[in-house]
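Chain nomenclature is as follows: A, B, C and D, assigned in order of appearance, with residue numbering initiated at 1 for each chain independently.
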Amino acid sequence: MAKGKPPYVAVCGSGEATEQEEAWAEEVGRLIAEAGAVLVCGGLGGVMDAAAKGCEAAGGVSIGILPGEGRGAANPHLTVSIPTGLGEARNALVVRAADAVIAIGGEFGTLSEIALGLKLGKPVVGLHTWELAKGGTPVDAIVRVTTPEEAVRAALEATTVEN
Amino acid sequence: MAKGKPPYVAVCGSGEATEQEEAWAEEVGRLIAEAGAVLVCGGLGGVMDAAAKGCEAAGGVSIGILPGEGRGAANPHLTVSIPTGLGEARNALVVRAADAVIAIGGEFGTLSEIALGLKLGKPVVGLHTWELAKGGTPVDAIVRVTTPEEAVRAALEATTVEN
Amino acid sequence: MAKGKPPYVAVCGSGEATEQEEAWAEEVGRLIAEAGAVLVCGGLGGVMDAAAKGCEAAGGVSIGILPGEGRGAANPHLTVSIPTGLGEARNALVVRAADAVIAIGGEFGTLSEIALGLKLGKPVVGLHTWELAKGGTPVDAIVRVTTPEEAVRAALEATTVEN
Amino acid sequence: MAKGKPPYVAVCGSGEATEQEEAWAEEVGRLIAEAGAVLVCGGLGGVMDAAAKGCEAAGGVSIGILPGEGRGAANPHLTVSIPTGLGEARNALVVRAADAVIAIGGEFGTLSEIALGLKLGKPVVGLHTWELAKGGTPVDAIVRVTTPEEAVRAALEATTVEN
């Protein structure tokens, strides 16, 4: 990886994802690596595994921030993995470590990462992910995209790297 | 407080709430205390302050789990306050400490608590709070209620106290 | 509990303590309650159980900050218990929640709480606990006492309540 | 970095270290990299900076697990840095992420990492670091060494990589 101060981009999604979601995640991981950014994820399977796989294939650096106490649950494509032992509280660390967040599909864990990202003021980009509303009115806090290319471009454009 | 093993109910909402939300929260806090349950909240202002105030007025026990490193930010109505120094990662602890979660209105922090509650399999009751959807289809994971009485009743009925 | 802003005192020690340590802990818990202070501990057995028992007997308020995900492991004498799901990282929270720390005997977990207390600038009082040295020279950062009465007096005198 | 499953070794020490400690840390970092292991540290200055510098010079991979909310405080030699926002509670994560811990000199933060490492059952190697005793009797839980070479050899020999 070229030294300097690369942006960090989190990729969030379900540990049991659809084939389509995994294909998007792999492409997102590849594009993050090609842009010279660092990939952050929750370190497990599904979208996290696919994103790390795409990143690895393009020679990029990826970090898995795991909920459990050991590295045994880490997917095999990560450059490094950090077993936090914090359980779901680790979702806050995934988001905190990132300059921008890309959510792909996802279940309640992903929703918590979207919410924490927005709470922390991080750009959150969504690819077929959760839709939010209050009192029947949509809340458009997530940058909606429809392709992996748009997702990575939007994440990197929105990122002011804090270094 | 009567000994035994009371349920713990988290009340989540914005630190800068509307008058209506604060009125609901105060009533929810009072009803939690009257039911002999323990109130858990994030310890700050707005909905958290109002819920603790209602709990205090009814002679109940409340716990504030604070994001910062000191008790100085705690609202004055709490029985005890725990400064975690974890920042927004403390939202996971608010939810984990509870047997059921009541969300009143709320912003992105509340959304993260709803999501973490659902992820952890806790009953989540919503009073004029976030609405969730995927692909245009509502996701009805939150028990919707319209009054404080219904909120507390739904939370307590759904609770299997783990003790 | 009388309102106002009581100091919080952590009592740290082994989950499998000697009879002597448990007797000291129970007396420390009683004295903390009689002083109107709040007892904080790790919520489990041994010294933690005995301290909470003494606190309860004197009508005091105690908080157990648990490492696991449920309240099931909490000792039965606590006023409230908080299951953090953070594992040993919860030791930092026990210390952070307190204005002063009393260590009674103890193993490596207690040593970590002593160290974190000193790192955070909290007064740390030791009753037959760890002795520290560097290069053969004792490091006298712990206030050494020999009785529960001295321990609680030293902890409360050293405390500047941050409220 | 050669793929496979390298051991992770934490290097702990003061953020304001002596020249001698920094020289040891740099050599320890270099030897960890040459052994194909991953260096974990707290990400700040002093011993942490020197260890990461040595690791970088030998082409190794290093991870900084930071206490604050941003990467700005990270030393410039790290491969990746993770701002946890957990304050001193991050010390538990530094130790948890490692298969073995090397302590070089150090103050109370380092002592907490030694204690947490021992609590978690990790091998802890000490180079001119804290000495522990109870009741006047030394507690020999730390593997004592006198050179960086011995430190890294002892850490790697004691490591059963959990992967």
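The working rule: contacts are C-beta pairs under 8 Å (C-beta built on N, C-alpha and C of every residue); 3 or more make two chains touch, one makes a residue touch a chain.
Here the structure is a predicted model, which means the values were calculated and not measured.
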item	value
Interface numbering overlap (same over half, different under half) for subunit B and subunit C	same
More contacts between chains, A-D or A-B	A-B
Euclidean distance of C-alpha centroids - subunit A vs subunit C, Å	40
CA centroid of subunit A to CA centroid of subunit D, Å	28
Residues of subunit B engaged with two or more neighbouring chains	69, 85-89, 92-93, 96
Parts of subunit C lying in touch with subunit A, wherever the complex brings them together	69, 85-89
Complex contacts: residues of subunit B adjacent to subunit A	86-89, 91-93, 96, 107-109, 111-112, 114-116, 118-120, 128-136, 141
Residue ranges of subunit B in contact with subunit C within the complex	1, 8, 38, 61, 63, 65, 69-72, 79-80, 82-86, 92-93, 96-97, 162-163
